[in-house]
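Below, subunit A partners subunit B and then partners subunit C, in two separate complexes.
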Partner chain A sequence: MYLSILIFPLLASFVSGFLGRKIGITGSHILTCTCLTISSILATIAFYEVGICGSPVSIYLFSWIDSELMSISWEFLFDQLTVSMFIPVLYISTLIHIYTTSYLSEDPHNQRFFSYLSLFTFFMLLLVSGANYFVMFIGWEGIGVVSYLLINFYYTRIQANKAAILALTMNRVGDMGLSIGFFALFAFFGSLDYSTIFSLASYMNETALTIISLLLLMGAMAKSAQIPLHSWLPGSMEAPTPVSALLHAATLVTAGLYLLVRSSPILEYSPTALLIITLIGSTTAFFAATCGLVQNDLKRIIAFSTISQLGYMVMAVGLSQYNVALMHVVNHAFFKALLFLGAGAVIHSFADEQDIRKMGGLIKFLPFTYTTMLIGSLSLLATPWLTGFYSKDLIIELAFGQYAFSGIYAYILGSLTAGLTAFYSFRLISLVFLTVPNGIKKVYLNSHESNMAVVIPLAILALFSIFF
Partner chain B sequence: MASGSHPSGFNPHLPGFRYQVLSKLLGASMWFFILYRAREDGPKLLGLRHPWEGHGHHDEHSEGH
Partner chain C sequence: MATTPFSSAHRLYVKSLYRRMLKNELDWVVRRDIWRGRALMIRAEFERNRDVQDPRALAQIFEKAEVELAAKQHPDPYIPPAMPGGTKW
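Up next, the complex of A and B:
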């Protein structure tokens, strides 16, 4: 059952990609959505068995590389961290597949898009379920390649080409550091298996662990858009909105966080690395929030908001609060995907306009979309008792409780960032929905809510942003 | 959905009944949950009561509890 969680998206991707002309657009929709739904149900069962009942699963398939000291095998580990990542990845991927059946209904390349989306989901699941750094790296590179394909989906657009190449090359910079980190891990531990490395970490030289941690951090910084490797994320808004919601809010950008949380047994023995992680995370959170204040593109505001929240998560890792960071990963995935999908609904209803200065007054035309975006924004703001509150507020409190310079630095920047987040979030809501209409009359005449394929994912994500 | 034209000539498609009801239901759910949790946990969040002092509106517990 556990491997079938990974196989179903891969199967959907292959059939939709290679047999797309045979099965048609409707066949591609039905196949991918059904396979993702089945995977989600299986992941829920896995979460109950592994996460709640506490029985992790390890599956050894076969040996891959067996060269003197180096022994790498296709092995999968389904522990509490893995199944905790399965839930947001699969639920959001399934909802986005359903959303996209309507959003891209007029696009002639549906089969290719759904194939890429399912392939991305497979690689993301592979990343989080590997039992060694090598299998994780296969998933890591896979999501990088598929993100290039998805950002460059409209491959005739020069801006999309540039954005995709920027994303790929910036991630390669991080991958370089990550690869050298793997070399260092193998040199010191003689293995890339999690179990071997984490059991030996306490006996290793602190300097060596610091260097390894900083190299792994380099990979995480690129993937999770931390300063200075953050600029690919706003550019990747050239992709269709479902791509932004899946990759650049909920899944790909959390791969770096997963790497750090998974490597926590190494990080814990290196106070220097934890200090640097805290400083980078808190600086990124503040800087990205200041950038989001002055953006006028709807999706770019949400993109900078994503970078800012990723900074919070990295800050939590630096404070050694890995479970809180993971909680924020999951909460953020739901409300950020909600914001992106809501933005997509707004853009689609407004003749593909993305500049918020040319919108306004849409509350009367799009009441449901307004409600869902308001819920997502309030959760993002850590409004008490919504999901974002429990994780984001706790991160700031834990920073205050650190009683060290890094903790106070993180607390001050985290608090300021929370204020800035409130400002740009309500600037977005106000300019899009509440203020006087600033757009063209003809666009308002044609503005309308989307159909049920868009409404249902928005409603489900809104409920997850309130109650999860 | 248009129920007659406006003298200004601006007759947009207003959202249907389903969307309005759904939006009100969703918004009401959110506010209900926030206010309910505020009643239950508000004093603890504001530091007016300790978390171990029991829930909001119940009477004092009996000795044997």
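Up next, the complex of A and C:
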């Protein structure tokens, strides 16, 4: 059952990609949505068995590389961290597949898009379920390549080409550091298996662990858009909105966080690395929030908001609060995907206009979309009793509770960032929905709520943003 | 239609300058109701120089206007989605 969680998205991707002309657009929709739904149900069962009942699963398939000291096998580990990542990845991927059936209904390349989305989901699941750094790296590279394919979906647009290449090359910079980190891990530990490395970490030299941690951090910085490797994320808004919601809010950007949380046994023995992680995370959170204040593109505001929240998560890792960081990863995935999907609904209803200076007054035309985006924004702002509150507020409190320079630095920047987040979030809500209409009259006359395939994912994500 | 002493190229340039100033103002102000007042002020400045016919004086006015416009240019001007540089281009 556990491996079939990974196999179903891969199957959907292959059939939709290679047999797309045979099965047609509707066949592609039905196949991918069904496979993802089955995977989500199986992942929920896995979460109950592993996460709640506490019985992790390890599956050894076969040996892959067996060369002198190096022994790498196709092995999968389903522990609490893995199944905790399964839930947001699969739930959001399923909802986005359903959303996309309506959003891209007029696009002639539906089969290719659904194939890429399912392939991305497979690689992300592979990343989080590997039992060694090598299998994780297969998934890591896979999501980078599929991210390129998805950002470049409209491959006739030069801006999409540039954005996709920027994303790929910036991620490769991080991958270089990550690869050297793997070399260092193998040199010191003689293995890339999690079990071997984490059980030996406490006996290793602190300097060696610091160097390894910083190299792993380099990979995480590129994937999770930390300063200075953050600029690919706003550019990747060239992709269709479902891609932004899945990759650049909920899944791909959390791969770096997953790497850091998974490597926590190494990080914990390197105070220097934790200090640097805290400083980078806090600075990223603040810097990205200031950038988001002055953006006029609807998706770019949300993109910078994502970078800022990723900074909070990295900050939590630096404060050694891995559980809180993971909680914020999951909470953020839901409300940020909600914001992106809501933005997509607004854009589609407004003749593909993305500039918020040409919107306004949409609360009367899109009341449901407004409601869901307001819920997403309130959760982002850590409004008490919504999901964002329990994780984001806790990160700031934990920063305050750490009586060291890094804690004070993180607390001050985290608090300022929270204020800036409130400002740009309500700037977005105000300019899009509440203020006087600033757009073209003809566009308003044709503006209407989307159909059920869009409404249902928005409603489910809104519920998850309140109650998860 | 009454003839004017200005060539069609001159009229096109003045209209272009006027439109660019109005668009730049809207990029900054965003709200059309507030922009309307600023648009009237821009129109008043153009009207003030309506009867200037000396080419040298006109060249100086245009140069000053272009310099002012360049100084106030919005860093992220609005581009319609289907136009070059737009999100659907």
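We adopt the following convention: the second predicted complex is superposed on the first by the 468 of 468 C-alpha atoms of A that agree within 3 Å, B and C clash if a C-alpha of one lies under 4 Å from a C-alpha of the other, contacts with A are read in each partner's own complex, and residues count from 1 in each chain.
Keep this in mind: a residue touches a chain if its C-beta (ideal position, glycine included) is under 8 Å from a C-beta of that chain, and two chains touch if they have at least 3 such contacts.
Computed from a prediction, not measured in an experiment: that's the story for all the values here.
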{"item": "Partner with the higher number of touched subunit A residues, subunit C or subunit B", "value": "B"}
{"item": "Contacts of A:N110 with subunit B and subunit C, given as first, second, both or neither", "value": "neither"}
{"item": "Subunit B versus subunit C as contact partner of A:S40, first or second or both or neither", "value": "neither"}
{"item": "First, second, both or neither for A:S28, with subunit B first and subunit C second", "value": "neither"}
{"item": "Partner chain(s) touched by A:T306 [first = subunit B, second = subunit C, both, neither]", "value": "neither"}
{"item": "First, second, both or neither for A:T121, with subunit B first and subunit C second", "value": "neither"}
{"item": "On subunit A, the residue positions that both subunit B and subunit C contact, one per complex", "value": "none"}
{"item": "Complex contacts: residues of subunit A adjacent to subunit C", "value": "157, 159, 294-297, 351-355, 357-358, 431, 435-436, 438"}
{"item": "In the complex, subunit B residues that touch subunit A", "value": "10-16, 19-20, 22-24, 26-27, 29-30, 33-34, 37-38, 41, 45"}
{"item": "Subunit C residues touching subunit A - in the complex, by the definition given at the top", "value": "26-27, 30-33, 76, 78, 81, 87-89"}
{"item": "For the subunit A and subunit B complex, residues of the former touching the latter", "value": "364-368, 370-372, 374-375, 378, 383-386, 441, 444-449, 455, 459, 462-463, 466-467"}
